[in-house]
Structure formats: structure tokens, C-alpha cells
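Have a look at this one.
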Amino acid sequence: MNIHEYQAKEILRANGIPVPPGEVATTPDEAVSIAERYGGTVVVKAQVHSGGRGKAGGVKLATTAAEVREHAEAILGMTISDLTVEKILITPAEDIETEAYVGILIDRKSQAATFMVSAEGGIDIEQVAHTDPDAIRKLTVDPRYGLMNHQAYWLANSLYDDPALVKQAAKIIRQLHAAFTSSGASMIEINPLITTTSGEVKAIDAKMTIDDSELFRHPELVEYRDLSAEPAPETKAREADLSYVKLEGNVGCCVNGAGLAMATMDLVKYYGGEPANFLDIGGSSNPEKVVTALEIITSDPNVKVILFNIFGGITRCDDVARGIVEATKRIDITPPIVIRLIGTNEKEGLDILEEAGFTAFSSMDEVVERAVQMVKTG
Amino acid sequence: MNIHEYQAKEILRANGIPVPPGEVATTPDEAVSIAERYGGTVVVKAQVHSGGRGKAGGVKLATTAAEVREHAEAILGMTISDLTVEKILITPAEDIETEAYVGILIDRKSQAATFMVSAEGGIDIEQVAHTDPDAIRKLTVDPRYGLMNHQAYWLANSLYDDPALVKQAAKIIRQLHAAFTSSGASMIEINPLITTTSGEVKAIDAKMTIDDSELFRHPELVEYRDLSAEPAPETKAREADLSYVKLEGNVGCCVNGAGLAMATMDLVKYYGGEPANFLDIGGSSNPEKVVTALEIITSDPNVKVILFNIFGGITRCDDVARGIVEATKRIDITPPIVIRLIGTNEKEGLDILEEAGFTAFSSMDEVVERAVQMVKTG
Amino acid sequence: MAILVDENTKLVVQGITGRDGSFHTLQIMEYGTAVVAGVTPGKGGQTFQGPGGLGVPIFNSMDEAVAETGANTSVVYVPPAFAASAVEEAADAGISLVVAITEGIPVQDMARAHAFARDRGARVLGPNCPGVISPGKAKVGIISGDIVTPGPVGVISRSGTLTYEAVMLLTKAGVGQTTCVGIGGDPLIGTNFVDVLEAFAADGDTEAIVMIGEIGGTDEQEAAEWVSANLDIPVVGFIAGQTAPPGRRMGHAGAIISGSSGTAEDKMKAFEENGIAVAERPADIVGLIQAVLSAKFA
Amino acid sequence: MAILVDENTKLVVQGITGRDGSFHTLQIMEYGTAVVAGVTPGKGGQTFQGPGGLGVPIFNSMDEAVAETGANTSVVYVPPAFAASAVEEAADAGISLVVAITEGIPVQDMARAHAFARDRGARVLGPNCPGVISPGKAKVGIISGDIVTPGPVGVISRSGTLTYEAVMLLTKAGVGQTTCVGIGGDPLIGTNFVDVLEAFAADGDTEAIVMIGEIGGTDEQEAAEWVSANLDIPVVGFIAGQTAPPGRRMGHAGAIISGSSGTAEDKMKAFEENGIAVAERPADIVGLIQAVLSAKFA
């Protein structure tokens, strides 16, 4: 789960990291009144789950109330990477001397939290990792020891020469690690970590992803979820424990298992079609889940055909068949449905479908080819 | 640093461990008013840094106000292991079904915190470890992983059969480990850990030792030190960063280094004398420390002779000599002083002593033999 | 022969009394695998009723289960909040292969559990995996015994149902398997492609390997390089997620393209560059395997 | 020969700019030991002025110090609150012997540092120890170079000044030492009696050993059993604290009789039962050593 900059900053602050103050506004009036309270120059920052906000015009300096209003009006409602800006953060501008990068994320290869820091701030770390790996210092945190004090200094030493700055940065790195573990994060990025002309080290921008599997431990973080930043069908899928990702095509896919779901989308493309979505109904799906899945798929007006690809393992074919039949009774489904159904309780499932007037394929290639054909022939 | 039962219980409570309420009284009147507030049967418990309080008559049940007063009067002021009882804890009596033992301490051999638990409570764990080691389950907590959940259950499984009790005990064991690490303890003992007739697991007695070297991190625990439980000279020594332990003899010893100080005491005994104390003036002792050391030694009326055994390493002989001379000027020292002084800056030290009218030995055996002789010849 | 599990497997089911645990224990027992114990804290002393009147003793802890039965393998059907601890308990009890089926275990929990299992010398398969089956010998996990058949092909996959698809196609075509291994869809898994490839390389009977990857991470790329440098056995590969958009998690916690890293294109390129035949569709796997097998015996 | 430190020792002083660190660095350099670097965070780039105009470069971190100088040994004169971290840093930088002089390090800090050093394959001597000296070869720590002389006797002790006493008596009697090792007075020490005995056993030149213990723990008892089972070299022992009361800490954090365990009586008994000659007084050590040495060459 991605959270907004202002939320990430709340977590960093709670862990003792120096972060300048800031307040969120949803209207230009609010923005102006916050800015007037701070006085001086402020930064108006779009709060969306996307990088490149600066380049997209979503981050602006303002020195007068008129400027604040002008920028707030421009940024609120603007679209960045398909996301509409509904909130802006107003924060006093800082006197920046240098910019560095400090990030921590779960690294697959070392199977542990890994820091990446660079004295070059404001960068795209992935880019730098490719073009100038020496500019990045990397450290894997052994889960047996946690972040050790000397390691925090080792990282901080690569950022600054001035001992006073190194000391502040080492402390921030330790606090960042504490924030990472205590909030169940899978990624936190401070970019940039600045030094001010008066010699203070501060985090002035932050990105953070919470491990979805940790949310049960952190009810307070669940509150951070911004439903306005998530399309309604995805919210509905998540709440029903389904995995759904909307795509641009017209073949609605309903599959059990993530790998098979991806392979199904790929096969749609292989046969010349375009998948409308990724949808995994999961392992032990009951009929009710299938109904919800169909509601979600049919809510996408682009969908011209609905393709079921079910290989029953834990999933029982009769459950899926029952769900399909139930859904056709309860909701008005315009696009045609083509079904592949094999595996556990296959016979029972096929019987249920047959009784409701459906036929089913047993081969994945056949069903996908048929679905694509149906779209093409209209 | 040992702390009292009531203080240990505060720490356990703060870590979530179920501990019955309790308040401390220093007078019988206070005791009665606390007991009346609780109502019902209470336990009156002497608060002294000593085991075997029960056997010494320092723990009594009381059902009426008159009984509370009677026991409070008897226990306050009583002597247990040479310690005068100045505080009593009043706590409601519990409905005890079973008693178990749960302890954690730093184990030298495994170099880590080690749990010892036993379904037989109210025991002397050291005794049981000798006579019936199978009655104890031991677990070393790997400092790399901390206490793991399954290990807490493994320990708890040895205490109870009833799953509901096991679950409570496993939680208490985890909380005890958290208390141990967060308070920098070197030993915590819950003895007994009881089950009540209503199926609750509770800690009704606790002993706890804080690692002296951790105190700088825990200013709140420093407040727990009971100066009334420590002889005044030991308080003075501690504050001056000297190690002092009073003994029963009459040869006052002032030595640099713990090993040499013990060997000096042993040699006093070897030559037929009795050491009055252990005193280590430490490594880099300055003259002022030596003055304090002499003040402490001379505050013991048993001391008939003062024996210096200094082997200068980090300690400089001239510093010690200066301290001796300074002390003889500032305080009235009745017992004769015999000195052995060799090592770093030996010559300078001997010159200072000579000028002040002292002579010094160079052999440890000679100086000790001389000191013992002086006591004997009066 | 076979890898990871076989006739010598003595299995403990962790979470045997749960919904998934009890259901799959029956299936595992029906396949003929020796389930010697179950563990559910607080239910020690009870008996799990297997098929044909076979009873499985239930213990409160892995420690007791292993001590009493000499089990060498465990399978974890424990809810996410407790599953990493179950893996640690199994490793601590001396289990040498821990198969973690559970999906949704917090990643930081698993980081510690993986480190602990390594220290204890235990191999973890998964988590978030369908387990492993050696046709005709042993099944540990949820891969259906109906779709496999003994034969010369080793199968490794990050996905569950996609494995079923591939294995069913092989079986239908008369191509049997030595062992089918689902390594799991999580970002931190205990056994990766290279680990399983090494095991197949040491197995005398595996004559070809199917390797099914997906988007996210670079495990397939490293496996491809390892194959090229170390493996004599021919490998056929497939990658799911060619149409997946970047930055979105595709069901599996590990199936996500981060920035430009972990794309299907990258992985397929790595396969091709390292001599691994790439199947365009799952159905093409069969033909490619048959080709490498017949080339081998030509 | 010698153990732990010798002509090949390349030393880093951790906390070189502190009061104790700078004082003892001068002494160590005067003894002829190669101090190749100092570390004080924030003072990197400065130079420590040694005797005779010799300059020692100061680094911000052990990592840099080792990379730049190839140091293999470090000595820790860092205040208690930071000393365990300094030990960890040294082990992490690839130092093979870390001599921790600091007294008063929190025990739980050291438990982790010891575990980490073991994982990294580094030996820790101490903490709360006087260090080690191989007469005529190298001195690392605070044992005075003036009281030692080369010869055939290895000395191991938990105490500082008591070591000086014993070594001085040996030297005065013309009995030299291969190496004198102070293992430290803390409850958790990185190198115990057995570890040092093993090293002396492997050293060709050590012909007799003096082992100086004290109350607290059972390290001496285990060492005695090890001597009896494994060692051909004769050992003379001494135990301090025969008159110490139980339950009271005698200066050293480790010198405390807990209940009935760790008494001097116990330890002396263990020595005698395992063929270790026990000196009643420090002064008796010399005669006993001379006896075993002459018996050996008789």
C-alpha cells in the first residue's frame, strides 16, 4: 500500500526524524490560510501516488498569498500519471545547501532490508544504480542484528565530510530503520535529504510503501489508505479479497491463480486480443466471490467478452460454476461469457453450467482463442 | 543493583505482566489504611534485598486490621540477613492453585540471556538445579534473534498442560524478556508464578537485578536505588567510583585492581590476619580518590592498620603518594599506615612519601606480613 | 529418483486442525505420503482421522512431534500472522525441509525466518507456494496428485495453477515428471530457481527441466546464467506476465515490475541468451520438451 | 614464538584521540608495536603524533582504516556506551583480534557483540581486560613492557594488576614469558582460559603456563578439566578471592560468588584434581614454575 508524502512524513516525524512542518489543503482557501500561518516562502506540493510530481508541475514555490492561491488552483485537480490531485501539502520552503538520497527497501536477493544512500540527491535511484553505481552506497541489514551503529555511520560517512552532518545523518538513518521495521514498510525513500545553510540535516520529501501483509498489525496505518487514489473496482476487489488490476483491453478475464491469470492475459494478446484486466479469484473461492468478480468485470464498459479460465486445485469447479449461475441471476450481464473449467469437482461444475445453458471448454488455448474471436466478430 | 520486590513489580506491570496490586508502607498506620482500602485478606511483605524472607518471618497473611497492624509492627524494623526492614509491601492475598518458577539471567557459559523455568514454584532454583535438574527447562536466548515465539511456548509447555494457561504463560515469558532487555537487567525471577482457582496466571513475587553498567541509559531506574539498604561507606565509595565491600576484620586494605585487592585480602588471612574490607581504587586514580578511600577505610572503627598495596600500571605511584599525604593533612587518621608502592612513577611516589615521613615496601608479602604483625602487637 | 521429497519423507503437518490443513492432509495421505504427526498448539494428545481409519497423532509443538516421530519434513498451513514463527519452530526442531504454503506472511517476518532457517541448516520451500510432488513417491503441499505421472522431466515454477496447467499438458502428452516444485510467489522465498536446478542436476533421473517464471525480481535471469555455466540437462522456459503493466502487483506479492526491472521481456531474453528454449504459450512447453528429450536420445 | 600478538601485528587503536587511548598508544608504540592507524569518528584525516616523530593516520571508521593499512588487530579504548559497537565495527571490518580494554560495557551489549564477532570469525579479548603482551615482540593493551621479559612461560589471567605482580616476580626470578594474556574481569568475555590454553598448546615455545583465576563463574573448573584431558604442558594455578564473601561483587563485574557457585575453594579443588599445581600466594607461583620447568629439563 502506497501512502502519501504527508503521511510518510508523519511516520518519520513520529520516529524522531527532522521533517519540516506541513499541512494538507484540499481547497485554495485552505492552502492560503496555511501558508499565511507559516509566513515566508512555502512549497505547494501535489499529494499523489506517483513519482515525477515536480516535472509534471505538481510542486511549486510561492512567496505571496496570491502565488499560493494561483498554484493551489493549478495543482488541485490536475492529473499526474492518470491520478487526479485532490490534496496538496503546504510546507515552509527550506534554505537548501545540499541534497542527498536515503532509501531502504526489502531486497529480494539478500532477503533483507537494504539501504541505498547517495550524496547526489533529488535523483532517480534506479537510474543512478544503472549509470553510476559507485555514487550509491548499499548496505543489507542482517535481520539477525538489525542496523548496527557502525553501519549507520558507514552509510552516513558516504554522504558528508563534516562530522556534525555525519552524526545527524547516522541518527536519521537509525531512525529511518526503526520507522521501517515498526511500521511494516517494504520501502521508504527520503529524497532529498537536505542540509540547510545553518548546518541541519532534514527530510523534505518522502515516499513510503507499507507491506500489505503487515496491515493487520497496524490498524492505524490502514486509515492512511486513500480511497480517492484507488479506482472503485479495485477497492471493491480488495475488500472481497480478490486481486484485480484494470487494463486497457476488452477481454474481461476471470482466473484462479496469479500465474495462470497472467498467462491467460498473455494468451489473449497472443491470439490478437487485448485483456481488459488481471483478476485472480484466489485459491479457496466460494460462489459469492465469483459473483463479486463478475460485478467488477462488468463495471468496465470496455469489456466485450468475459473469459473464465479455471484450473481447479484448491478452487472447486462446482463453486465457480455456482457463482457464475448465481451472478447471471442477480446482475444484468451484457457481454457473452466463455468458460474453461477443469480440475477438482470438474464434473459437478460442468453439470451445473450445462443446466444453466452454458458450455465449457477444457483447453486454455481453445477458450482464449474463442473469446478473442467473439470480440472481433462482435 | 538489586531493586525491591515492589519496584520489580512496577517494571513487570509496565511490561504488561499480570501482577496483583500492592502499595508500600513505612509505618503500621499506613499498612492498615492500605489493607483497609483493599479489603479482605492481604499479605504483609518485608522489602529487603534478601532471599528467604518467608523463613525469616518477613512475609505474613493478615485478615483483620489488627492482624495487619501486628504483622507490620513485627516486620518493620526486623533484621533479615543483616538488613533492617524499613518498608513493607501490602498486597491482596491471591487464591493460589499452583506455583511455578520463571527466571531469566545472563549466563556466562552461553554468553546470553537464559531462561530457567520450573513447574515447581516457590523453590530455590539453584538448589533444584543441583538436586533435580530435570525439573528445570532451560533456554538460551540467542542475542541475534531475541526470544522467538515458539521458544516462549516451549518454555510455557513445561509449566502447564491446560492450553489456556500455556497461552498466558507464553505471553508472560515474552513480556518478561521484553522487561529484561528494556530495563538492562542481569536477572529477573518470578517466584512464584501462580495460577489462581479462576484460571489466571500471575506473578506474585519478583526479584530483579539491574546491570550497573546499564544505569547510564536508565536514569529512571537509578531512582530505584535504596540508599537505606546500602551502608553509607559503600554509597560514598560508589559515588567516588571506588569498589568497596566491608568485611569483618581489622586490616584496612587499599589496593589498585580487583584481582590484586582480592589477593591482598587473601594474603592478610595467610599471614594470620583478617581483612577489614575489599577496596579497589581503580585504574586511573587521582589523589582525591585516595583521600576518599582513606576516609572510607577510617570510618570503620574495627580498622587497626591501613595497608596500601599499589602496583602502578595505569595508576601512577606519585598520584597515590600525593593522595596519602593529602589525606593525612585533611583527616585525622589514627591507625598506622603501611605502604607498598611499585610500578609507574615509582621513584616520584617514593620521594613524596619520604618527604612526608613514610617509608614504603616493595614486596607484597613484606607489607602484608608487617601489617598483620602491627595488629597483633597492637 | 526424485528431489526434495520421496519415499523417505516423514511429514509433520503444521496447523493440521485448520480448514486448509485438514483438507490437504487427507489429500496428502491419500497420495500415500507418510504423515507421521500434526501440530496444533493446545490440541496435543488428540488424533487426526486420516483416510482408511489411519490416525495421525497431534502434538502441541514441533519439538515434541519430531522427538516422538523422527519426522524430517514439515508443511505449514498456519495463518499468515503465525506462519513465520511456525517455519522457525520447524527449523529449530531439526526439520530439514519446511514447505510453507501460507500466502500473505509479512515480509519482514519471513526475512528473519529465512535467516534462522539458514542458520539451522533447514531448507524452506516458499512461502506462498503450492509445495512439491514427486509422482508416485510423495506429495507435500497442494499440487494435485491426479495431474502428475512419473517420468524424466523436472518442473520448477513460481506459480501454482500455471504449474498445474503445464504439468497436465505434459502428463496428457505422456511425458512424466521426476518432481514438480512450486517455489512460491513471494518476494522472499527460501528456495529459488538455482537451488532447485542444483537439486535436479544431482538427481540421476531428471533428463529435462521446465522452468516457469513470471515478472518481478531477477531470479530467472540468474538461473539462466547458472544453467548456461553449470547445467548439462536441457531446460525449457516460460514467463508469465508479458502483458502486465509496470508498478502493479499481479496477485503474487513478488509479481511486480519495479521501474524497468523484472519485466517478462528481460527474462525471456536471458533465457534465450543462455540456451533455454522459450515457450510462447504454456501449450508450447510440451513440444519443446519432447524435442529436447528426443534430441537427447537420438 | 608467541600467541595472539607478535611481529606481524598491525594494530589500529579505536578511540586513539581519547585520554586513555592516546596515553597507551604512546606506550604501545614505544614498545615497538606497529600502530598503523587510529580511529575516532569525526577526526578522520588528522594525524596522531607518536614517539620519535612517528605519525599515525586517523580514520573516521574501521572500514577505512583496515582498507588503507591492512591492519589485522585492534585495541578498544572507547567509552563504555560505545565500546560494544566499536568491537562490532572492528569485527565487521575484518579484524581478526579485537582487544577490548574498556570496563563497564553493558552486558547485553556485549552479548550481541560477542555473537557478531563469532559470526565474523573475529576473536575478542576482554572486555575489561589489560590486553596482551608478547615480550620483545608486541604489546597490545596496557600491560607494562617494563615488567616482562622473553622466555618459556605463558601467563593467563582474569586480572590486571595481579598479572603484573605474577609477571614481575617471574621476571625478577629470571623466568621469561612467551605471551602474557589478560582475559578480562567481565562475566561475558570473548576469549576464555581454554581458548588461550589451546593457543599456548599450539605455540612451540611455551613450556609452562601460569593460570590466574578468581571467584565467579566456572571457567577455571572447565579449564582444569581441559588441561587434564588435552594438555602436555605443565600448569601452575592461583585463585584470588579466598576471603571474598558470597553475593558481593569484588570490583570486577564477573567476580561474584552466586549462591554456592564460583568459590575460590571450588576452583582450587578443580585445579588440584586435574594436576594443576596451586600456588597459595602469588609469590609461590615462581617456585612452582621453576620446579615444573626444571623437572621438564631434568
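As written, the chain order gives the labels A, B, C and D, with residue 1 at the start of each chain.
Keep in mind that, in the parts below, contacts are C-beta pairs under 8 Å (C-beta built on N, C-alpha and C of every residue); 3 or more make two chains touch, one makes a residue touch a chain.
Given the structure is predicted, the values throughout are model-derived calculations rather than measurements.
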(request) Using the touch definition up top, find the fewest steps from subunit B to subunit D. (result) 1
(request) Specify the chain most distant from subunit C by Cα centroid. (result) B
(message) Between A-C and B-C, which chain pair is linked by the larger number of C-beta contacts?
(response) A-C
(request) State, to the nearest whole Å, the distance from the C-alpha centre of subunit A to the C-alpha centre of subunit C. (result) 28
(request) State, to the nearest whole Å, the distance from the C-alpha centre of subunit B to the C-alpha centre of subunit C. (result) 56
(request) Take the average of all CA coordinates in subunit C, do the same for subunit D, and state the distance between these two points in whole angstrom. (result) 51
(message) Touching at least two other chains at once: which residues of subunit C meet that condition?
(response) 112, 116
(message) Touching at least two other chains at once: which residues of subunit A meet that condition?
(response) 144-145
(message) What's the contact topology between the chains, one of line, ring, star, complete, other?
(response) other
(request) Return all touching chain pairs. (result) A-B, A-C, A-D, B-C, B-D
(message) If we count contacts the way the header does, which residues on subunit A are in touch with subunit C in the complex?
(response) 106, 108-109, 111-113, 126, 142-144, 181, 184, 186, 211-214, 216-217, 243, 245, 247, 255-263, 265-270, 275, 278, 280, 283-284, 311, 313-314, 342-344, 363-365
(message) Applying the document's contact rule, which stretches of subunit D touch subunit B when the two form their complex?
(response) 20, 80-81, 103-108, 111-112, 114-116, 119, 130, 142-144, 147, 157-165, 168, 185, 187-188, 212, 214-215, 217-219, 238, 240-245, 248-255, 258-261, 264, 280-283
(message) Per the contact definition, I'd like the list of subunit A residues that touch subunit B in the complex.
(response) 144-145
(request) Give every residue of subunit C touching subunit B within the complex, in rising order. (result) 41-43, 60-63, 82, 85-86, 88-89, 92, 112, 116
(message) With touch defined as at the start, can you tell me which subunit B residues reach subunit C in the complex?
(response) 145, 148-151, 153-154, 157, 163, 166-167
